[in-house]
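Presented below are the structures under discussion, each in the form of structure tokens.
Below are two complexes that have chain A in common, paired first with chain B and then with chain C.
Right, the complex of A and B next:
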């Protein structure tokens, strides 16, 4: 009756598969978020007009940045959601311990990030299609309109890695909040406070440095390493911090 | 063999002491009833056994190991209470199917059969069920999982009498067919006593008594008669309860250590002897303020 040999790997696999089914609503919300982003973008992200004499011209800019930005936000909040009490409690209805729950959560978030990467980049393609039909091909001027498959796959990979970072950050913040409710106030305060004070100061270099460390990396391999390293630190800390948390209180 | 060993277990929630130097052993393949007042610490104890909560002091071993964060214990244990965080996005039958994927001993036939018997539509969602039906579904999961350690925390909350009867019967039948260690906490001792083997009574976080149900049924004896006579009889005996029933008629409950001869004396003195049900006895043993609830109204 008593079964031994319930390995961590086996449990993580079961929990991971369970979560793919259980958290399906997150994928639906991903689609919704991106549709909203596309709708926003379809109105144009900027415009410029000028002219002289009898000649005037008007430019409207479109960019798929908003889609990526919204997807990053989605990834962050999805990760936070997974750390909330109801979701953590659900992990203990069947079989699991904190380690297996955390690992399966991270596995899920990586999968979700991959899905998010694909849909975000393809959302950009969809945007181009929408603009083609709404504006007409003669009205579109762009260097980046036709995207090669190579560029698309690089974009997917890059977005995937950024999403993993967003998830890792979200998970870490979520766990902090679980440890102490005070973080609900402290974390946003830290974030906005840093933004405000730094932009007011002349010494904006520190924030720039941190930001550019990730964003301005030109070597892809190095970028990959940086992302994996940072995500590992964030996920690892989340694991250690949450390992003694009580559930089903 | 003791499945659960507990030595001086203490659990504090901040300043509140929920469990206070609790010590007991639970043997393998027994059904134990966990009884006590509201707030006595029954749920806390079960959740510590399940590995959900951490102990503050003392020792708890399930299968010889600390149950907290323990995969082996988790894989062989299921904890059912009335507010289980069941998945909201899965239908009932899907939840059962995932249960079968997790638990090695899962019995899908029983699960489906019970689901059908209690008229639960497989396609429904857990959040749409009434309270009683939620409890019913939760115990279906608990029974079908066939875990060597099955912990049920007030599983009958919200169930109507007919469903409760069926639940006791189903639990007993499956237990007899596939023995396992079951701990059920319940307030309805009168109903559940027929399927229990042992009773563990908790009072204010500590063990008050731990004995077989048959011993518990004979632990106390009720005496009905005039006050003066009763006061003489109970000299030297352990008194659990005193109550005024009517004009000059008092009801006392004492520990049943009476020999036959004393019993004859009592009867001759005009005192009626009545058995005390396990449920009533537990109420008396864990009684709080002296004077009972009447004192609140008498004071005014």
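Right, the complex of A and C next:
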């Protein structure tokens, strides 16, 4: 499959570097998505008011959760896009095979997740600075306002891991859709159907257990292991399914 | 119900479709105008600068109005409970957590035999008035006292506006202050960090008052948890010292003790 002297690793490396430059438009969309999220969040994510007599107290909550959530969505759809024909065709600039293409895609997605994690968390910091100047320091409570370097690193790492998961899931869904267009209908139907069913049920559901497997994990080490394990399964399955795709087309 | 859910799903699908289109084509439009790498570099630079800036912002300014501790809440709660009895028994000075926001001294004309106490135009929340008949002859002294007012653990006492008190002839007019609004912004920890500190997560969940309707007033001896939903609204009263020989008419003034 590979030309003389070209190992899989070298091909992957070349494809990866090529994709980093070629897919820069994805990073631009990341910036725009995050800027939109920051603007949304600048209005507050919730509020609470209470009062008595002629005294009224109004507390507005802010958080960078929306910025992270938007980045997760971006990661998911960016991964889906990489599996589409337009993006796959770009791989043929280099001599390689489906395996090298997939691995370089995954490498790109890991890099994109790192960039997304870093910028999403720093987006929350930017929001704090914007609010300092727009609301004035006196109206801001210091709870969780300041971000230490340690907290920043932990948040970037955790967001990065979540983004890898979103990418792995997106890539898997994308490959499924490439395998059969029926999944364009099946996957959203499955997603929304599950959402409706779960919201109607009061008891714990299988989806809860799957969701809590990652989200409720309070040990960072275990979380890391779980994310790597889940992402490996999703990426591994994508690789296997992708080979079937090669046979078919 | 199902129709509503279908509409929701359709909206979400449209948003997702737009999202995908946007991600796919975002760069193409921008590419024609400016170099993508410059744009990315500029964004990154802004983010990094904001982190550096956040760490050099004056912390004291942000901490000037902050949540108070358990001790302050207990003082406020005790002051609120004992306020009127202390006021009537003349032991306000011994009660911690009571502040005199403003005082007025008026001279009564010698001929006056009556003092008419009236509320002003704004009577949405009339001021509580307590009258002491031990005043000096020919003088009316007014003192506006408040106890610590702590809302959602944020003390606002220094910012409370006293009523306006003025003497026009023999009419003492007490005008309640306008509705006062306090606005604060608070940050919540990102879920990616909260997940790894379960105790903090519980506290923050309680601090989210979306489903809470009542405001707790701390009772003496009650343990106060730092959940952000504890409020001691405090008491306010106008204390009047009026000479014994003056008749008082308070008709039309609803809040008189």
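Please note the rule applied: the second predicted complex is superposed on the first by the 238 of 249 C-alpha atoms of A that agree within 3 Å, B and C clash if a C-alpha of one lies under 4 Å from a C-alpha of the other, contacts with A are read in each partner's own complex, and residues count from 1 in each chain.
Please note the rule applied: contacts are C-beta pairs under 8 Å (C-beta built on N, C-alpha and C of every residue); 3 or more make two chains touch, one makes a residue touch a chain.
None of the values given here were measured: they were computed from a predicted structure.
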Practice item. Have a look at where A:68 lands relative to chain B and chain C in the superposition and call it first, second, both or neither. Key: second
Review point. Thinking of the overlay built on chain A, is A:99 touched by chain B (first), by chain C (second), by both, or by neither?
Key: first
Review point. Which partner reaches more residues of chain A, chain B or chain C?
Key: C
Check your understanding: So, does A:25 touch the first partner chain B, the second partner chain C, both, or neither?
Key -> both
Practice item. Using the superposition on chain A described above, determine whether A:181 touches chain B (first), chain C (second), both, or neither. Key: neither
Review point. On chain A, what residues does chain B touch that chain C touches as well?
Key: 24-25
Study note, to complete from the structure: Per the touch rule, the chain A residues reaching chain B in their complex are 1-4, 6-8, 11, 14, 17-18, 21-22, 24-25, 86, 89-90, 92-100, 243-244, 246-249
**Study point:** Residue ranges of chain B touching chain A (in the complex, touch as defined)
**Key:** 47, 50-54, 63, 69-72, 74-76, 78-79, 84-87, 89-90, 94, 98-99, 101-105, 148, 178-180
Revision key, fill the gap. Contacts from chain A onto chain C in the complex sit at residues 24-29, 31-33, 35, 44-46, 48, 50-65, 68, 73-74, 77-78, 80-81, 119, 121-126, 128-129, 131-132, 135, 137-147, 151-152, 154-155, 158-159, 162, 188, 192, 196, 215-220, 223
Point to revise | Residue ranges of chain C touching chain A (in the complex, touch as defined) | key: 5, 9, 12-13, 16, 19-20, 22-28, 30-31, 36-37, 39-40, 43-44, 46-48, 50-51, 53-55, 57-59, 61-67, 124-125, 149, 151-152, 154, 156, 160, 176-193, 195-198, 208-210, 215, 231, 233
